[in-house]
Every structure is written in C-alpha cells, then in structure tokens.
Amino acid sequence: MEPVEVTYLTDERGDGPAVLVEGLPGIGQVGKVVVDLILQEIPAEKVAEIHSVFFPPQVVIGDDGACRLVNNEVWRYRSPSRTYLFLTGDCQSISSEGHYALADRYLDCAERFGVTRVFTLGGYGVGHLVDEPRVLCAVTHPHLRPMVEMAGGLFATEEPGGGIVGAAGLILGLGLRRGMEGIYLMGETSGYLVDPKSANALLRVFARLTDLEIEADRLQSRADDMDNALEQVREFERSRQNDELPYFF
Amino acid sequence: MEPVEVTYLTDERGDGPAVLVEGLPGIGQVGKVVVDLILQEIPAEKVAEIHSVFFPPQVVIGDDGACRLVNNEVWRYRSPSRTYLFLTGDCQSISSEGHYALADRYLDCAERFGVTRVFTLGGYGVGHLVDEPRVLCAVTHPHLRPMVEMAGGLFATEEPGGGIVGAAGLILGLGLRRGMEGIYLMGETSGYLVDPKSANALLRVFARLTDLEIEADRLQSRADDMDNALEQVREFERSRQNDELPYFF
Amino acid sequence: MEPVEVTYLTDERGDGPAVLVEGLPGIGQVGKVVVDLILQEIPAEKVAEIHSVFFPPQVVIGDDGACRLVNNEVWRYRSPSRTYLFLTGDCQSISSEGHYALADRYLDCAERFGVTRVFTLGGYGVGHLVDEPRVLCAVTHPHLRPMVEMAGGLFATEEPGGGIVGAAGLILGLGLRRGMEGIYLMGETSGYLVDPKSANALLRVFARLTDLEIEADRLQSRADDMDNALEQVREFERSRQNDELPYFF
Amino acid sequence: MEPVEVTYLTDERGDGPAVLVEGLPGIGQVGKVVVDLILQEIPAEKVAEIHSVFFPPQVVIGDDGACRLVNNEVWRYRSPSRTYLFLTGDCQSISSEGHYALADRYLDCAERFGVTRVFTLGGYGVGHLVDEPRVLCAVTHPHLRPMVEMAGGLFATEEPGGGIVGAAGLILGLGLRRGMEGIYLMGETSGYLVDPKSANALLRVFARLTDLEIEADRLQSRADDMDNALEQVREFERSRQNDELPYFF
C-alpha cells in the first residue's frame, strides 16, 4: 500500500480556474459541518477517494451494520461560472509527516482539476461558548484581503497568535508554494462541541465569496437547532460551574 | 530487514474459496483466545510466520528458558468443505502506519491461499464486568447480515459508536477494497481481564457460521473456569469498590 | 514532497573558508535571538529556504493577515575577511529522525558555500533566573578551546552534564564527521522566557570570535529592556513564590 | 545519511567461530558496566563505529570540553582460543522500528567477523534493592541451558514474565533467525541506579562461560565500592521510606 492512495473516479481533468474548498474534521468540526451542509444542497459528484496509512487504523460502522475503512473524499460541482472541488471526509493525519504527505497529495488532486484558488475552512477554538461567532481569516496574498473583509471576514492582528497547526493551514501554505491563492476562514468556536452555529457564521462569509446558491431556509432551521443545543450546553455549564468541561468532538 | 517479513512454510497456494479467521491479541484477548482454542481442537499446520519492525522489539521466554522473537503466524486447516486460515500470534502493530502495512501483508497472504471471506474476531470493551456477553457484529456487505443474525450475532445501531481501531477492523476495511467479504465478531467484555467467557460466546456464534467441528465439552469446562475466575474478580471488585481497577492484558 | 527540501535562491557556491552560524529556536530562544539581532545589523541576503515534513504542520500568520508555511532559512553575509552563513527560522524537527535528516541537509548547504567552521548558538537551561548569565562552551577539537576561553567562554567540566539534545549539538557532531571545526556557545538561561539578556552575553562572546561589526549601542538598549523585563518576572516570582512558573517559549 | 551507518575501521573479516558480547545502556546499566569493565582489562581494538538517526539527536561533552555525537562501537579481542567482539556505546534506539534496524545491522557486523554465538548482557529490574543479585538467563537453544546453569546462571520459569523489550532480546531473537546461538544473562537489579553489584554477579557468570582472563582483584574493589554505594542508597531509602524514589540511569 502506498502511504497515500488517491483513487480517481473520473478520467476527466480540468483546465480551471477551479476552486478547492477544504472542510476536514477539526476543532468544533466547523469546516466539516460547512462542507457537508453544502454537499447536501448541491448536486456534486464524488471524483476521488483518499486512503492513507497516516489515517487512524479505523473502520466506521454505519446504521446498517456495514463497515468501511475511514477515508477522505473529493466531490466536484460545476456552478454556472466555475468548477468547485470539495475535500471532506473522516479524518486528518495522526502524524506530522503524514500531514505534509497528505496535503501534498490533496494539492496534486487539486491541480489535476485546474484549481487556482483554495478555501480552507476550520474552527478557531477560544475555550468558552460564543454567542456571536466571528469569522477570523488569513490569506496567502494581501490583495485577497479586501474581498474577504467585504464578505464579513475579520483579520485580527493578535488572533490567532503564533500559528495554526493542521490540514487547513498546511494546504494553504503548500498551495502557496505551487502558486495557488488561498483563503483561510476560521469560525470562532468553544472547541467543546460540534458547533453548527459557528459553521453557520462561516458559511455566510464563505457563500458571499462564491457563486454557490445554498437555500438559506434549511440552514436557518439548523442554526435554530444549534441555538437550542447551545442553550442546553449553557445550562449544563451553569449547573456545574466549577467542573472541568469534557471535550466532545 | 524488510518492514514486514512473511516467511511461507509451504509452496502450496490455493484457489479458494478459502476463509481467513483473524484472532490477534486485543481487548480482553477475546479474538486470540478463540483462535488459540480452535487451533488446539483441529489438526492445523503452520503455513506462514510474520516478523515486523512494527512489532514491539521483544522476545518471549518459554518455560524451558528458550527465547524467541515475537511474531504472528498463519495456520491452515482443510475442513471437508473448505480451507481455513487462522491468523494469530503475539502482537499487533505499535504504530498506525504499521497497522496498515501489516494488514496489507496479511491480506497478501490471504490472497495467496485463495481467501474470499474474512472473519475478524475481537473484544468490545464496555468497562464493566458482563454476565451474559453479547456478540456485536459488523459486515462489509449488507447481504451478510441475516446469516450473522441467525447465528446469534447482534447488530446494535449505537454500538460500537464512532468506529473501531485496530487490526480486526483494518483487515476488514482493506479486504473490502480487494473485493473480500468480511464479518467482524466482537465479544462484549469488561476489557480488564483476559475474558474466556466472552471468547466462549464469540466462539458459539462463529462456529455456527462455519463447518468447523469443535468439541463443546472441552470448551464448556473452560467456560466454567471463566465463571469461577469472573466470580473471583467480582469479589475483588466488591472488596475495593472505590479503587481504580488495574488493566490486565 | 521530499522529506527535506532546500531551495537555493542563488546559483553561487563558495570555496570558503566560510563560517556557519546556527541560531534556531530552542531553550530561551537564545540562539535565535542572537542570530536575528545580527541579521538586523548587517546587510545579509537570503540564499536558501528549507521546508520539511519534519517541521510542525503549521502556518504563521503575519500582522497583515498573510500566512506562510513555517520554514528555516540561510542568510549569507560577506565580511571583509570571509563569508558568513546564518541558519535561523521558525522551528526545529519534532522527531529524532527528523533532527538527523535536517542537520545533514543544513551541512550539505554549508558545504556548498565552503563552510569549514560552524558556530552553534543555544541556551543552557538552569531552571532559575540568572543575573549574570555565563556562556558555557563545547568544541569539536581541543585546539579551539583557548580561543574560545579568551573570548569569555567557559568550559565547565560538570555542565552541561550528560549531553545536549537538539539541532545545535547535532550540527556540530555531524559536522565533525565531515571534517568541520565546531564551536558551541550556550547562554545560561532560566528556560522560562525568551531571554535576551542571555542572548546579549552570548553575542558578546560570539562577536569576539568573529570580525562581525555589530553596533553595541542598539544591543545595550535591548539588554536594558531585558533587565527591565527580568525585573518584572522577578517580581512576578516573588508574588507567587509557591506556584509553579509556566513555561513560555 | 543512511538510517544506520556502520563505519568499519579494519578491512579484516573473520571466519569464526567468533563470539559477540552485547552490553549497551539499559536497566541499571548492568550490561554496559560489564562490557566497559572487560574492555578496561583486555587489549581490545575498536573495529566499527555505529551512528544512526534512531539514536537520540545528542552530543556528549567530555571533561576536556570536546563534544562528539552519541554512537555505539564494536571492539575486537583475540583470546588464545577465539575472537570476541564487544558491542557497547552510548545509547539504544528511541523507536521500535529503530530497534529492529539497529539489531539487524549489529548482526551484519557480527557475521562479517564470523560470529556464531551471541551473549547479550542486561539488567532485570525488580523495583527494590537486591543484596545478592541473581543472574537470570534465557537461551536460544535448549542445549545451551546446562552450560549456563553450571556457570551459575538461573532459569526461573516465572521470571521474567511476559517478555523482554530492548536491544539485548532483539539481537538474540534476530540472531536466532540467522542461525546464531544466543545466551541472555540478566543481572537482577533495582533499576533505580547504575548497579555495579549486579554487574559483578553478571560478570562472574559470564567469565565462567568464556576463556577471558579478567583480574578478579580490580573487580572485587569495584564490588566493595558498590556495596558502600548500596549502603548509602539503603540509608537514603530508610530516611525517606514513604517518598517515591527517583529513577537514575
């Protein structure tokens, strides 16, 4: 088995300019929730499956009792104006070397379909519940910044401090080395729970940066569900003020 | 030394359809106990030895003072109707990449002998002692499910949640990619102790899914021993109700 | 992606004898602070960038919101008498194998530019604040010792005990195998904080061993800032005498 | 750099039958102390140096301030009757894969010099101070057992339970696969301290199994030193009966 195996489900390639949208599992599952929501709304087709020795040695068991190996996937959608690729799936690498090897292969796949711009979507964990989650941003090229700010994205000089570890940043950093433009959108989130509210805020900014038409109604009802869920967590927090909150992913 | 070394002890190959039965060390040693029990009952012959840099750098010392490197083994038994291969041994990989590399080579070995169906046997740790251990199951193809249920296996939609990490799941997941059918049997177990009672429950379901003839009497006496051992543990638990139970493997 | 990628920004090579000065992040950031200070004072040019799968999978976000992958860099400065190469950057390896692979490639780069002598600069953590940090030293060849002692470096037979782990020592050790002379300067530091005071002590010894002209005034003002910062830390320590001090890097 | 680099300091090879004696750092440093003692008593010459990316990325600084990379070494001594190779040095691997890769190369080196029998010397940690340390043994072939027992080595069916992790066992296990005979001598030791008393017990058994002439007097004085050191530790233990003893290596 190769360290990273990309199985293409189509022989088609692309001249671009196409867009890659990454939403892998991570803090608050924010990026994954956004991409999974989008894929429910648009008629995308799966164009690649990725298996890797850098993924956990794990199978997922479905409700029908059928199991399958964890993997990531690339889905393609052709909007009226351009081609979108969506990278989502079950996992990130569990080693540093694996992160690099995988990001490199994700970008090979992106190049095959003509990608020139990359969006990476993730969460920005702040350690406490957030009522109105902001969407913090970073870009590979300063000229992208005004566009992102017009869409509602924030650039905070002190956040995130230090740097950001994981697939989203790495895809941007390695994409930059290949000449791709990149935009990193991070939904503020507690980090404790799957956070669809943060995902919703992130989705609004993201949607303004693309020509994807996503039905706002279905999303709003999900956002309401999130508010209810959030309220329950808040009560839970009030009731055990002094206890350490467990980490749910 | 190659990362994984498979030494074949026979030049014979197989056209199949053969069956692979995996029972490596793991939670409660359930899978290993079952396969070791079966190998005591049937005249199987060893057909392959596996050494790997992904195994712990460990020797095992026998009662005669003779030591040998830890390794896994494949044993072959030809029942009247078909060929069985049994994978058992001393260890699983201690790294994620190693898990993938080893599972891949186990399946190479399986293909060499014509395997088209894989049983993986393991424990399902629930964290407390279990009087009547259930046998939870997963399959690679939904059409296998009725057969497994008729044999007494359960499919519980909420268990095991998330996914399952280790050799048993990985062999199934990677086998599925090679076109093999797979059945995963997990004996419910505390996870604290080697659990022959769970192994016994697992063996009963497994036996109904094969034409292996295993003497029930010898197994029953082992099951009784387990009950006695379990009772001792239970007394031990009562006596130190508030202490943390150690993990024995 | 190769495990270590060195991108040369010049086709020039060097016959030497050139000098390599390593100041990567580490204990108290002492080595990095020194090399970064020097690079602010002299008109050096960047001659190589190093990316590696052994670095953390991390991007750094600048004040302008632009992000880039972590990397290390080699800068070149030609003094009247010789060529200096400075190795600095964002990170060290996060695995042992990575440390060896990276040090090996740093030395390939050094050889390309004709390096015959290596200075590695680092911190020597003592676990408590130090008023007058000493500069402890090691050399690859005993004949280098008198020169280092004349410059103010100390050789303490009991410090550092055992050995020293990390890039600085490894570059020296592997350089020795290639026939390079090496001098290791370690500024005594608490290890709790970025320690410019230790860096200043280190810089003084280092400057005496080279013909680099660095404006002492700017350094003195930095040293005064350090004293003030140190005083604040000391007060902080006094106020919470019995608490454990956090580790800042 | 190759993962493991063996530098031979002689072009000579050997037809054997030669003996390899391994004494690398480990529990109580027992094996290393024995081999280092022997090398002080006999006129051996260094025939190979081993460097590896699997060793810690560490330099050792000598009393003269000169530093060198950690490494292992092979020394050769020709007694009247046969050739002995001694493997000693600074370190063991810090990863499991590294243990296998290194043991494999140690055995390549052994084969080059005609080794047909391997002694591996180590400590057997029991967690408490031992007045009269036993020497526990294992062998690769049962026919070696009587000889070892006649020399004072013990075979205890319950000790060491489970198995033994590290270079000593692995060299034996991999050597067995190459057809080499192997004898594993383990000096009982607390595991807390460098334990020359255990080393002395081990040396006595080992010496009876070879024709090496080692001056007993020098060893006895070392053993007395050990007794004194042990007594100090015992007092230290009495004085802080309820504290956890730190681990010194």
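For reference, chains read A, B, C and D in written order, and residue numbers begin at 1 within each chain.
The rule is short, and it goes like this: contacts are C-beta pairs under 8 Å (C-beta built on N, C-alpha and C of every residue); 3 or more make two chains touch, one makes a residue touch a chain.
Because the structure is predicted, anything quoted here is derived from the model rather than measured.
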Farthest from subunit B in C-alpha centre terms, which chain would that be? C
Copies subunit A and subunit B - rotation angle from C-alpha fit, nearest 5 degrees: 90
Where subunit C and subunit D touch, do the two copies share over half of their residue numbers, giving same, or under half, giving different? different
Dist(centroid_CA(subunit C), centroid_CA(subunit D)) in Å evaluates to 37
What is the distance in Å between the mean C-alpha positions of subunit A and subunit D? 53
Contacts with two or more other chains occur in subunit B at residues none
Touching pairs of chains, which are they? A-B, A-C, B-D, C-D
Touching subunit C in the complex, subunit A uses residues 93, 96-97, 99-101, 103-104, 137-142, 145, 155, 157, 160, 162-167, 169-170, 172-174, 176-177, 182, 184
Could you pull out which subunit C residues touch subunit A in their complex? 1, 3, 51, 53-61, 63-70, 94-95
